[in-house]
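Next come the structures, one after another.
Look for subunit A in each of the two complexes below; its partner is subunit B in the first and subunit C in the second.
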Partner chain A sequence: MPDPFPSPSPPIIDVQRVTRQFGSKTALNDVSLTVPRGGVFGLIGGNGAGKTTLIKHILGLLKAQHGSVRVFGLDPVQNPVGTLGRIGYLSEDRDLPDWMRVGQLMSYTQAFFPNWDEKFAEELRDAFDLDARAFVKNLSRGQRARAGLLVALAHRPELLVLDEPSSGLDPVVRRDILGAIIRTIADEGRTVLFSSHLLDEVERVADRIAIIHEGRVLLTSSMDEIKDQHRRLTLRFEQSISEPPALVGTLSRAGQGAEWTYVCSGESRQLRSAAEALGATVVDDAALTLDEIFVSRIQN
Partner chain B sequence: MLIHISTTDGVPIYLQIVNQIKYLVAAGRLAAGEELPPILVLADQLLINPNTVARAYRELEAGGIVEKRRTAGTYVSDQGSPLARRERLKILTDRIDALVAEALQMKITLSDVLKLVEQRHAALQPKPPLE
Partner chain C sequence: MRSIPIAMIWELLNRGRWQLLLGFIGGNAMPLLILTALKFEGEIDPDEPALITMQMMLLLMHTFIFGAAILSAVEFAPRAYVLPARTSTLVVWKMVPAMILITLDMIVSIGGLNLLFGMKWSITCAAALAPVGMALIMAALWFAERSPWLPVVVGTAGGVLGLWYKSRWGPMFSMPQYAWTVVTPADAAVLILFTALAFVVAVVGVSRNRRGDTIHNLSGIAWADWWSGDRAAQPLKSFGSPAEAQYWAEWTTKGWMLPFVVMISLVVGSMIFLPLERDPKVIIKALIGAGGMLSAIGIVCGFLAGNCGSNDANTEFGQFLGTRPLTDLQIGQTILKVVLKSVLISWSIWAAFAATVLGLIQVTVGLPQMDPDFFWPWWGLPATLLGCWIVAAGFASLTLSGRTQLWALVFCIVITMMVIFSLVSKVLPRETQMMLFAMVQALIGIGLTGITVWCLTTARQRSLIAGRMVLAAGCIWLGLTAVIIVEGLRVSYATLPATIFLIGLASLTITPLAAAPLAVAANRHR
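Now for the complex of A and B:
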């Protein structure tokens, strides 16, 4: 099956070996990341892993201390108009002017973006059930996220960047967000980058993912590949053992007596032969959820 | 079309769609010639990436379960085709494997299993209307 990526056009985001320190803390350590045009890219990692710092570099809100960042082939720090003008951004803290009414927020944002589609913005406002006269500061958490999402979407940006869009939100708002992501990439050539620790959502919509941990990129992969490459094998040995033998590619082992479960990375067939060579029977061979893959990789 | 996606059992989403559509077709709930939802519509309904739906449709097409038509759209293929019948037999074979494995584990003999199959088959026959 042909891989939809790499796409023939140049990457939308190209981060090369970016390092960033805040005082003595290294927030990003030699981080490289390439986001191809089109599709959804999921950035996953725990709190404090570096996702927001990386996103701020991509938006030109932080300047790389080492390394380079290119968005649409341009340096976002040197060229904010050429980059930010084509990006729709929803920050983690939903940074919006509290004193404005929703309608004013829309007009205010419209002034920055020549591609703003007024009719579409109104449709979104209606679909999100936002009162144009309501003050931003009085919006509930969910409504605030919807308002932020509206102004990020209404100019149909080439690149939609969402930082933890679903965190703290109820399932109804989360559906709105996932729906917005899907409809964005339904348009040819548009790209979504989102960071999240809600891995079941990432699993639903991402084409490619990168795992960030303690400021480093642990791995980058297509969703298909990472799911194919990680399996949970349950092995039954001929007798009880206290210390299960290592299998090549094992990320973790658990169990007792004669049955042990291995979380492995590597093709299923290789793992099975390795297990059989140890004299064990494979009694279960299951796929792992993205959540389980993430946890086992982090713990290594 | 009633399809449910789960992200809790690890099975790749495209494969869940493929399996469920195969089942719906084999069970007669999706008729030959019936159109499948457009990729974007199903993606929106299930809240998944359209590429995942596209991949599922491609696999179903490769397996002869569905076909693309020139007027755009994806349709369930004619069920008389040998490829489709093979698919149906494969689904049953998978179920039989699971049944046989469980019977072995529970130490139930093959002849008991076969007798049970006949009993259940008889129980599922439509009953003649009472006079």
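Now for the complex of A and C:
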């Protein structure tokens, strides 16, 4: 299936063969990732997969030990102003200066970004129900996330980077964050990169995803392509079998007797043909959720 | 682990093994340094009256440093509140092991100093006071946890005990007149009373924290918070540039502390000292000593200013600051500007205070003729300023690197040298000691100069410092070197190794200009 987002412009993020070790632990292992301009890119993986480490490389907080990282065509370590000035970032731990009031945080952040939209910032503050006089340290977890999101969005960044934005938040705040993502990409040419292990949210908003596991990128594709290329096939064989035959593209299989369910990677028509060639009847052919695709990929 | 006490003691020792070790070394560093230097001059007479004040201050300093190390290891995290144990149990088994540790530290440290230098410092008195101080400060911290009132509460607790401790060395508001050598029954009763009070206050504080209340629920404090909160919530002016905004943030959080500490120290010190000490010569010496202390306080200023972590305990670059669209050079320069302003204001406060006191002496009794052995050359005044800058900016750069190993390395080098000198002074003849001392002086001077040159060239190669800045820095250093050489030629006791040492020391004036952005780069982009 053709890539629904072929972008003539250069990628906004280009990570090439980055490896990162912390002592004996390899956090990233020969990782290459290209994030095209425009749209929402979801980076999914379990805890400790390497998502935050990869994001830190993109922001210049970690230097690539091997390989290269380019953001807007620039090295974020060598050119922090040129890259960070166009990025809005919300960290996983919502690192904000606790001692500032919300109003002070807005004034302070405004100084760093020439594109800061004061009117928009006030609208966001109002929408997020944040008191300008409240100290950041006294905000609840959800309010803190909103405050971080406010300062990340108010300067209308070309690239919005969200690291586990919904982690530990209630559905209302999650709705705000997803809304912010959608609002950002509604502006033409803007890009969102967000990492998450809440796959239902990724499934709702992402156009493209990358699955990262144990420091390696297992899969990068558009959401539509991934859905089309992963199927659950339930096959009925003529006789009961203890060990089902291998089907091309199988990621996992389960069942007993004559009926077995395969989770496969491949196109539906090709998988059906292969199944019939094994002498089985296709009883069911269903699309997988992103959650099921992720789990089967990881387990495989 | 089968009991709460064992679990909590294990937690303290396991969590704080490095802090305790560093605290032990740090607490003994100053006494070792001073006593070694005195030993170098000749045998120390333990009954010498001048040593009494020194003994009192060194004991206090040691208690403070090791106590701080223990506090960093004792964590009363909110997760402890959900343990199935009474508050009093938790408090006892947080407090008692800390008290035992500091008691053991006192016994070992004071005993060791007595053995090494032939001192007669009282182990029992130190071992009796230190754990009580530990308990009081822990209680104060838990009582006013995470509140702006913390310094007031801790200061009150420490101040009350400190005044009582001072009274053991003579009249409460005068210079120490005799050493505290015996813990009398009355002393013991007071110390037990303080400990009991600390326990009660600690239980009250932790109980309150455990149920989610804070000190701000107390009515008087709640009113003060409301009043100050409304007044402080003024709209901010807009900043002209990112660097200006960052400068505002740094100054607001860190820059004002050194001038504040200097001002409070001078006010409190003069309130205690000046009414009682009438000899103008002693007052003048005390003023000069206070100028020298600026450099010591500069260590704390440097550590605070250079900490760009997301909290006080973590010097690794925080993600919020790390993702500001600022260059490493801009961040480094902003922090140095804050340190410079801090140092200038602090020094001005001290200088103005000293000038006022000297002016009062001149007007009332006239400035005295100082003793022949009094040494305060013309460069003494600028040296107090430069010394404070060198220490504050140097330690800021060290802290900016986010590598605690560097701190540990500097510490270990200093301690190792003191220990070696201490041993050498016992073993080698005086002429050999002098030769060794001169050699070390020269080596240190060359080393410091080498570090400066390395920092400047490396920063220049990485475009972390402008060429003009390097040129200006070089001119400053050459100017200082010229002054040192000319003054050295003028005075008869300046030796070549001492001159090399001073030139190396002078180079530290400009080292932070390169070291700070290098440290930021190393910390921000790991």
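Here are a few things to note about the model shown:
The rule is short, and it goes like this: the second predicted complex is superposed on the first by the 296 of 300 C-alpha atoms of A that agree within 3 Å, B and C clash if a C-alpha of one lies under 4 Å from a C-alpha of the other, contacts with A are read in each partner's own complex, and residues count from 1 in each chain.
Keep this in mind: contacts are C-beta pairs under 8 Å (C-beta built on N, C-alpha and C of every residue); 3 or more make two chains touch, one makes a residue touch a chain.
Everything numeric here is computed off the predicted structure, so don't read it as measured data.
In the superposition on chain A, A:A27 makes contact with neither subunit B nor subunit C.
With both structures placed on the common chain, the touch criterion links A:A49 to neither subunit B nor subunit C.
In the superposed model, A:L62 makes contact with subunit C only, not with subunit B. In the superposition on chain A, A:I185 makes contact with subunit B only, not with subunit C.
Of the two partner chains, subunit B is the only one that A:T289 touches; subunit C does not reach it. Shared-chain residue A:F113: touches subunit C; no touch with subunit B. Legend: residue contacts after superposition of the two complexes on their common chain; A:L84 is shown touching subunit C, with no touch to subunit B. When the two complexes are superposed on chain A, none of the residues of subunit A touches both subunit B and subunit C. Note for the complex: subunit A touches subunit C at residues 59-63, 77, 80-81, 83-85, 87, 89, 91, 93, 95-97, 99-101, 103-104, 107-113, 132-133.
If you check the complex, the residues on subunit C that touch subunit A are 229, 233, 235-242, 244-245, 248-249, 252-253, 310, 317-320, 322-328, 524-526.
Against subunit A, the residues of subunit B that register as touching in their complex are 5, 7-13, 40, 43-44, 46-51, 55, 58.
On subunit A, the positions that touch subunit B within their shared complex are 1, 4, 39-40, 175, 178-179, 182-183, 185-186, 200, 203-207, 223-224, 227-228, 232, 286-290, 292.
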